[in-house]
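What follows is a group of structures, each given as structure tokens.
First subunit A sits with subunit B, and in the next complex the same chain sits with subunit C.
This part shows the complex of A and B:
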């Protein structure tokens, strides 16, 4: 791909001036400029949160957050990657936790310090209402905290910006696990199918498929009933 | 609609208009599925895998003669990055019962099960070359299969898997896959995975390409994210040992011809470490980042096929690597997201592939190899594709149909990731279709295992995408997320069992020396070294480019 001059923009990778094609993501622009990622690159598709990045535009005081693989470079962008956010994940035994109103305060007492400043929400590259789910957890509303935090990739930007030093994504994780395990509970059809399999209900049928020759399998496959409604 | 701004350039507007005008007449219509003969014909003519000049026979090792893509043969027919006599094997940095290489779903679940099978947490180590969980596992959007409805059962699932795989699958592995499936879902729910449900509390299950029943379980279109982060959270709760940004670069053997751990390389400090282990589980995932035939890929940054290389050097048998999966719907526009996945679930919920005239041209849920081939035919033989600004050809995937079929709000609710990831580039998939073209997606084959995840080399177990045999020559959507938990858990158990009755002998790297001899004897003179660990994207190499397909 050949480019002419006005297809390029100037960015500052940790302060160093670089000229890069204007249509690249921050991630590809850094590679174009000669970086090889060890940290800071994972799925490269907006699904893992490995590529948390902060930037300011020249002439602006505003510090913004983005996923490097999901954000296009712009003229005058000053970029720093945040490849790691220091935090300790509390360990717990899910089987022994009670899903009640005080659970979050017990495991994450710091959530009581939430200032409701909404900085976390503004920092989130997934546009999640982070403050709202932290507040929901504080109130013991597991369902809401689980729902609101669902699209979280764990990139760490909220935790880096929180003035009360809360690590929201760990709270969201616990909320979702509690919601599924204790509020929704196991699904009946799954449990009963597991029982049937354990009792050997399908063994004979599967055994005969395993022993069938290719011709028989082809016949069975091509004439199988489609019930996709 | 007056403030609506199209996300596509002016020159595509005429075609977009046709797509929108034909939507009502396409509503409720399906293109007729192909017959068995038509399928073979289209594969032969259009599938990238069926082009003999793109492959060569392996010249060395136990699977000598197997036809595989040049890019894969290149990393296999390479020298080790270490010299067998330059590493001090007397200084053991980690003395383990179970070593796990790779921290996606297969590796993480193996760790949990090894611990639950009685191995102390500090006798297990998971080595991961990126951050824990940053892997193909996290990227799955569509879902995971399990036959648990009243109109379905594991035998029906079996037939779908083996037919989809062109009857090349290993029966024991398919049996394990379909029979363990409901138990995997049960395990996930017990760990706190939030699967999508119907209002009555039953599982929401949808169709997938090549499945004869609705059996795809999902968590919006963040299925892999949800599964991986829950399993990862549990892994950390169990306080199992792990080390990140460290790559295994070679397996170790002992004087009893068993695999006995691995040589590790810390990508940050650039130091080697020796991990001795009674059982070693390879869970390194696939090879999308090798960009077979120049295709863009959906895979994560670390998908460089390291596992097949390391296993092959010890003499492990490979299979089905002649077939590679191209996912029909990779994003083709805009440039920033070329190659990224547009989940099959979109078609499962009614999105139709259409050409530049807004016409249907293929049944929307053919198995992936057939579906991909038909997009290539539509673009390259019939010239009914849309050309993107960077010169790629593509077809439309009519996503607005989803809301027409299932009601408005469906896309934001069920496709949060797709909606967000396209919206970032100014395309509202509720109102406008996507441009798609096949993208390199999945390593169908790999190291041969048995149902207990054992290979032909004692001490070496494998689970997940690094393996071959489960999916034959073609994997169906939802069976790989299933595979990694079925076989990851089996590997954890088997590794624990083996560790309790294994004594290791003296460590060596004789197999590396032997490999150099194989290369020499086969007349392969090369500077290539592997595993390659990370792809090379510095400079122009990061840019996507036009494909020469025909």
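This part shows the complex of A and C:
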């Protein structure tokens, strides 16, 4: 925590002026200012995409996007939290659809309205080339669409900014699903693990976990094997 | 007399005297002007402006990618080759706007602020037919393995390859570039009245019958002129001329399926490439029976 006044910045949380320590993220700064997150907060590690935030710097007309748990506060930041992106959830049966451009157009016909304005890319807090993956999907390059959208968390900022009312993250998700099912195919590891599960290799272990008491579970959790990155 | 009255925003701001005197004198004349409860800008700024910047962002972004390819040495020339008539037209049009309207350049660049470089306008947009022409027709002729002897080919230009003037790849009234190509391949170009007529374009989505009618005229004229096949450089023309044959046949029992292919497929055939380089199986109207009959393709 900051020690002297110089380490504080002034931010505006939904219009209200707040003085907060300069080294906090938007999320922690809002909590410091007394806000409690009930929705719009998840993993706090930049992975879940629940804490989409829009902000503007004083004197600039530009609306910018960020994840509240990742972005550090800056002097003059005007912040609003977007806890939820209300887009339509389209359902499709992965086993019945084909890995081609027409599938995208059938379920998400609005993508044909893309003007390549790139507003989605500008909005993305993950620095994903959103417009490029929508365009790739439009021309049936599913592999590229899946690759470009890989880091998408589904925070929804792209969808909120798109003037053509496209929901890009839905496109990226469909691309990745099609890619893993039809193009990259299920990997050997997945197939062999499925086989092991079917053969009941893990049944005993699961049963013993189910019957374990809380203390044993805590002990097991704390001593679990961790893969080093 | 009660009449609806649309004042417009200027009459409510800097021309209040215009608004008030209008209302008052009209009232005296027995005309009761009634302003709508809801109204918005008449749209003049947008309707009269030539601001089509948004339309050009996509093509200019692509031209920027080409410039980057040149910068990084992936290609030798700042030039892009395309075959689709629509892409050609769009890219070339945007390039022309970019290079002739400095106001727009500024606006376009402002809208592409997050690109790592700025487009310089250096890219030359070229259609593959032009590239082959620049190589010289003899160069093409010398590479032909299977001269398409006695094949009567109607070149169908459609609209976007030739128009508007200054953009097209050839004389809009009297084009000859596809004819020259056909000749170089050893085939006979067939001139026909409808070679520059529009195929109906995207009306094919909602007005199938109308487009079938246009397609029939084009196909029939080519047939009457003696053509055995049509070549085109536009995917939408190819689609309309071949897929709308389903409707044509439904309405005209005497009409027989007529093959329509891309000019590059004809080139591939004459160059003696493998069948999977010609991809005739993808065409709605299969040209293989004709080519087998002519002896250009082997009977399987």
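Basically, the second predicted complex is superposed on the first by the 184 of 229 C-alpha atoms of A that agree within 3 Å, B and C clash if a C-alpha of one lies under 4 Å from a C-alpha of the other, contacts with A are read in each partner's own complex, and residues count from 1 in each chain.
One rule holds for everything that comes next: a residue touches a chain if its C-beta (ideal position, glycine included) is under 8 Å from a C-beta of that chain, and two chains touch if they have at least 3 such contacts.
What you are looking at is a predicted structure, and each value in this text was computed from that prediction instead of being measured.
Using the contact criterion defined above for the overlaid structures, shared-chain residue A:28 touches subunit B, although it does not reach subunit C. After overlaying the two complexes on the shared chain, residue contacts for A:92 are found with subunit B alone; subunit C is out of touch.
Set against each other, subunit B and subunit C differ in how many residues of subunit A they touch, and the higher count belongs to B.
Of the two partner chains placed by the overlay, only subunit C lies in contact with A:117; subunit B stays clear of it. Look at A:154: by the touch rule set out above, it reaches subunit B but stays clear of subunit C. In the superposition on chain A, none of the residues of subunit A is touched both by subunit B in one structure and by subunit C in the other. Residue ranges of subunit C in contact with subunit A, taken from their complex: 54-55, 57-58, 61, 111-112, 114. The residues of subunit A lying in touch with subunit B in their complex are 1, 21, 23-25, 28, 31-32, 34-39, 41-48, 50, 70-72, 89, 91-94, 126-127, 146, 150-151, 153-154, 173, 176-181, 184, 186-191, 193-194, 197, 202, 205-206, 209-210, 214, 217-218, 220-222, 224-229.
For subunit A in complex with subunit C, the touching residues are 115-118, 121-122.
Residue ranges of subunit B in contact with subunit A, taken from their complex: 36, 130-131, 133-135, 138-139, 146-151, 153-156, 158-160, 162-163, 167, 171-172, 174-175, 178-179, 182-183, 185-186, 189-195, 197, 201-203, 207, 211-214, 220, 222, 224-226, 229-230, 233-234, 236-239, 245, 267-268, 298, 300-302, 334-337, 340-341, 365, 390, 416-417, 420-421, 424-425, 534, 536-543, 545.
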